[in-house]
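Two complexes are shown next, each including chain A; its partner changes from chain B in the first to chain C in the second.
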Partner chain A sequence: MVLVYASPVLLGIVALLLGRFPVLPLTGQARALLVGIRAPRVVAALLVGASLGLTGTVLQALFRNPLVDANILGVSSGAGFGAALALMLGLGVWGVRSIALATGLLAVAVTVLGARQYIERSRLMVTLMGILVAALFGSLTSLLKYLADPLDTLPRITFWLLGSLATIGWRTNLFLAILTGSGILLVYILRWRVNLLSLDETEIAGLGVSPARLRTGFLVLSSILTAGAVSVSGVIGWIGLVTPHLGRALVGSDHRRLVPTAVALGASSLLVLDTAARTVFSAELPIGVLTGIVGVPAFIAIVRRRGERW
Partner chain B sequence: MWLEARDVTYSYDGSRNAIDRISLSLDTGEIIAILGRNGSGKSTLLSCLAGIRQSAAGTVSLDGVDLRTMTPRERALRVGYVVQTVEEGFSYTAFESVLLGRTPHLAVPAGPSARDYEIAEEALGSVGLLHLADRPISDMSGGERQLVRIARGLCQQTSILLLDEPGAHLDPANRERVLEVIAQLALRGTAFLFTSHQPNDALGYADRAILLRDGVVMADGPPRAVIEPETIAAAFGVRTQSFGPAESPALVSLRPPVVSPESIGQTGGFLRELYERGEPAGNLILVTGLRQTGKTTWCRALVDQAEREGINAAGLLAPAVFDGRHKSAIDQLNLRTGEIRRLAERQRAFKGRWAFGNNDPRTAWTFDDETIAWANAVLENERGANPAVVVVDELGPLELIHGEGVASALSILDERRYRLAVVVVRSSLVPRALDRWPWAIPIRTDQRYRREEIGDAGVVE
Partner chain C sequence: MLQRTAPALLLFVVILQGVFAYGVPESQNETRIVRDQTGREVSVPADPRRVISAHGPTTAFLYVAGVEDRLVAAGFLGARDPRGRGAMSIIDERFPGIMQDGVYSQRSFNVEEALRLEVDLVVAGARSSWVETVERAGIPVVLFSAESEPEMTRAMDLVGRIFGPEARSRSTAWIDRYRSVTADLSAKAAERPWADRPTVLFTGPDPLQVATGAMYQNAIIEIAGGVNVAEGLPGFWTEVGIEQIALWDPDLILIPAYGARSPEELSNQPGWSTLRAVREGRVFRMPKLVAPWDTPTPDSLLGIVWLAELLDPAGDGSGCRSAVVEYYREFYNYDVTDLDYFCGDIVPE
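This part shows the complex of A and B:
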């Protein structure tokens, strides 16, 4: 268990040493590469991965659905649309991120407000609303891709949508660290409440907690975290879906142990994949593609082994 | 701690009240059992009492303080609520699941303490599940999950615990164990209110029993006064019999016995006994069975036997008319005069008035209004003539659900001036009949009156 919790740090150190250019011995150029490019990317992978693991776990509990990750609320589709729009408008990195963040949050807001009278009673209605909102923003993104200049804008949109940690610098990492850190802290403080999330609403109410407030609170928290992560990294799937399952296989379903485990696993797995994406092949693979290629078989393996024991 | 409900009313759709002006009070150490049919409002009442549903009218108060003025947590520290079967969430272990019951006792940033673990362990132990503490709920049987839910309720350590069907899914031993835990904790001052479909749970363990029917209180009092065959028949539409010693009786539901029509002529025979004891208030038997089980033939044999005994039997028979093996019409026969009229015909093409949700043209029946009026007049006439045995064949949905057909003449059955009434009713309508005549005794016909047994030729059903 200690190994799981220590893995982000250990793997982080290893990842710093790996790359096309050797950083040992630590010359001036190597130091510049390490501090300016490789380290921020490693930190970004850890932060985004941790965030995906955390929100995936919380949302799976909330929806009592093992097939859920942050996409269920339409955040990713919303952010993707915003990014595509910003890229069409020719905005810079921060412009793209701000608009992606805004549309990601907008998508969640539409989902949550659209389903607000059902939040207490019906998970299915919230899920349905999320799928609908995601579909709408997905179509809008397709429209933009159709209209985009195929030589210049379209590849950039496609590249963004496939996810990348390459452009994340220290300032972005600070933003991510504050966001993810406070999210992890909040969930840690409320860790007992996360266990209540997957109960029936009458049971939650019987234990003296308002189901509507509990669910809305965690929905909003997850949305903000996801929107923040997606707006800087692009759409990275599967980490949020698979790590909670891996975590449950390791430590069981009690969220007091599952949440930190999923956070650590999310951070480590994204780091490993991103490191592989930039080192194994001569040309860098989009991280969103790699997470799918690795995540899906991993998911199949876990589900086949554990059966319906979520 | 003292829970009081006054005129609690709740409606899901705003038009029909699921529970209607229910008042009750639950005192320290008291056990109340709530019985009623499926859909009678038991669960709704419990969730109102737990403060989870806000009663549309009326109040629920704890020690005189309105539940609505309390925060959810304050409420959950005093009133626990074990809900009926729910879909399980993630597969927490049994112990983790029970531990969730400590939630109202925990400050928000904190998790459970060693003391909380002890309490959860004790709760799990009291339902006899400690050896399964680490088993995921998803690997447990329905009964084990039920025990875990109950243990969670106990773990909440409230002074009032509401349990929705605590005995559901449990084998007899576990059921007794749970009720015994309830009884023991009640001695220490916890008040319990539980719903059940087993009258004996109330008889054995409750201080008070409340029977609900369509959202209103039908009976309320000491279990031995409330839980007896006639109220149970009216509440559930099932015939039961009381067994065991007077100080701890138990009700057993009975399958309608097979009764021979000739027993009216046998000393000590089933029908003879009923006939003899049919004073001052007459006995009523319900001749039940599916279609074509020989109910009418059975009635005819009874009437014949009664005549041989010199007993005056009158009323209506409903012989079927067959077209090959196919029942094509129903007649109505006045037993006093022998007059026969056509009551209903099966329509090849649908044009009937009484389709009852069945719009399949091949099975629609058309009833003759004139015959219905005539049948009513026959029964009305018999009411004046006052025969010893009254036969009414057959009461169907028309009478028992829609209040039409011969329904208006049924006061002859209510008045009980006969010694024995014989009413033919299909099995599915027995609860309806018991609604109206809770003292009625359902019976089954002999195999030998089945149509298959006696062949097709010249036989009425």
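This part shows the complex of A and C:
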């Protein structure tokens, strides 16, 4: 068990040694690449993976739905639209990230407002609203891709939407660390309450917790964490979906143990995949594609082994 | 009687000859069959007068062939930035009015608008999705697909064959110049063993996207006497990590005119700043006037000349300067002023 919690750190050290460029002998250039390029990327993979694992777990508990991942409220689609818009306006890296963050949160706001009368009563309606909002932003993104200059803007939009940790530096990692760190800390403190999400309203109230506030709180937290991660890394799917299932296979459904496990597993799995993406071939494989190719069979395997128990 | 009728008869013959020389209006029925670059046989008017170009690169071919006055609407490549716009406005007084990128492109074609404009010919890219629809409306469509040197000369030759004798002479002039430039430079490059050639990285719209062996940029690099470090990669614009670039350690890094970052910005980014090419100041943006010099358009001739002189240790820019001035005067009737922008990066090493 300790191995699972220690795996992000251990794998992180190994990942620092792997890459296209040999770090030994440690020349000046090797050192610069290690510190300036590889290390921030390893840290970013751990932080984004942790964030995805965390939000996937919380959202699956919130919606009591094993097929939920961060895009359930349209966050990823909204952020994708914002990034495409920013690229069409010719903005720089931070402009793209800010607008992606804003539109990601906007998508969540639209979903929540659109389904506000159902938040207490029907998870299905909220899920449906989220799917619709995601579809809306997806269509708007397609429109932008249609209008984009095929010479320069369109390839850059496509590049962004496939997801990439390649351009994350130390300043961005600081932002990610603060965001993800606070999120993990908060959820860890409240991890018992995540268990409560699977209970009835009356049972929750009976334990002295406001059900509406509980749900809304976790919803807002997950959305901010996801929007923050997606605005930086692009759309990286499947980690948020599969990690909680893997966690449950290891430690069961008690969120007091599941939350830290999912965080560790999310961090480790994204790190492994991203290291493979940047090392195996000379061309860089888009991380969003790799997580799908690996994540889907993994998900099938887990589901087949555990059957209905999730 | 003959004395009276002879002049009348003579006059009649003269008038008749005049009628036959000028009087028969451009017959809409006079057509010619051409084979376009996808192998289709298309029946085009003998003298197309109202043409739409739904493909930026092909529009460039029309301008070089001197038949831009026949265009009623066109998509353009590289005419949106201030320099390109400014130049195009001088080259063609109808610009930017005839720029209709949104209406006519490989992805969309407004047939009703085209019919309203009484178009008699459409030229388009091979990947256009609307060809059948437009042909059913009775407008012939000729498809172009110039992505390599032989295809470039065939495209220019096709333009010459479609648009008549003046276009023919211009297109032949271009083809001759292109062939002679590429042959000369290839011969010069062949004298240098592969291992001695400078290695070049051609970045794309985003700095981490690089041109592979399948791209026209690869041909430009090889003719100019260089080696493309990313030649063996699959795909077209393929993404790589900065570590891979460090491993390749290119001698020269090129940014296209449409690349997102300037050489200064790129040189300051983490990872890039450690590259030898950056430290030695060998990061350059390829210039352009209208169509970018690295895209498969006729102006790429200048891209080849520019790069060849850049890679030549003794190059001082004079070859580039004279080529640029001559080319734009001959093929665009345009006088280039800012030669430092075009050839200023080329200095002897």
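A few comments on the model shown:
Everything below uses one rule, namely that the second predicted complex is superposed on the first by the 310 of 310 C-alpha atoms of A that agree within 3 Å, B and C clash if a C-alpha of one lies under 4 Å from a C-alpha of the other, contacts with A are read in each partner's own complex, and residues count from 1 in each chain.
Operating definition for what follows: a residue touches a chain if its C-beta (ideal position, glycine included) is under 8 Å from a C-beta of that chain, and two chains touch if they have at least 3 such contacts.
This is a predicted model, so every value here is computed, not measured.
Superposition of the two structures on chain A leaves chain B and chain C fitting side by side, clash-free. In the overlay built on the shared chain, the residue A:L207 is in contact with chain B alone; chain C does not reach it. Shared-chain residue A:R215: touches no atom of chain B or chain C.
Contacts of A:R191 after superposition on the shared chain: chain B is touched, whereas chain C is not. In the superposition on chain A, A:R123 makes contact with neither chain B nor chain C. Measuring from the middle, so to speak, at the Cα centre of chain A, the directions to chain B and chain C differ by 130 degrees in steps of 10. In the superposition on chain A, A:D152 contacts chain C only, with no contact to chain B.
Contacts of A:H245 after superposition: neither chain B nor chain C is touched.
In the superposition on chain A, contact is made by A:R38 with chain C only, not with chain B. Of the two partner chains placed by the overlay, neither chain B nor chain C lies in contact with A:R97.
In the superposed model, A:A61 lies in contact with chain B only, and not with chain C. Taken over all C-alpha pairs, chain B and chain C come no nearer than 41 Å in the superposed arrangement. On chain C, the positions that touch chain A within their shared complex are 56, 77-78, 80, 102, 106-107, 204-206, 208-209, 232-235, 237-244, 246-247, 258-260, 270-271, 273-274, 292, 295. Residues of chain A touching chain C in their complex: 19-21, 28-29, 32-33, 36-38, 146-147, 149-153, 155-156, 159, 164, 166-167, 169, 278, 282-284, 286.
Within the complex, the chain B residues that touch chain A are 47, 50, 52, 71-77, 80-83, 86-87, 89-93, 96, 100-101, 103-104, 106, 108-112, 136, 138-139, 156.
Only residues 60-61, 64, 189-193, 195-200, 202-203, 205-210, 248, 252-254, 256, 308-310 of chain A touch chain B when the two sit together in their complex.
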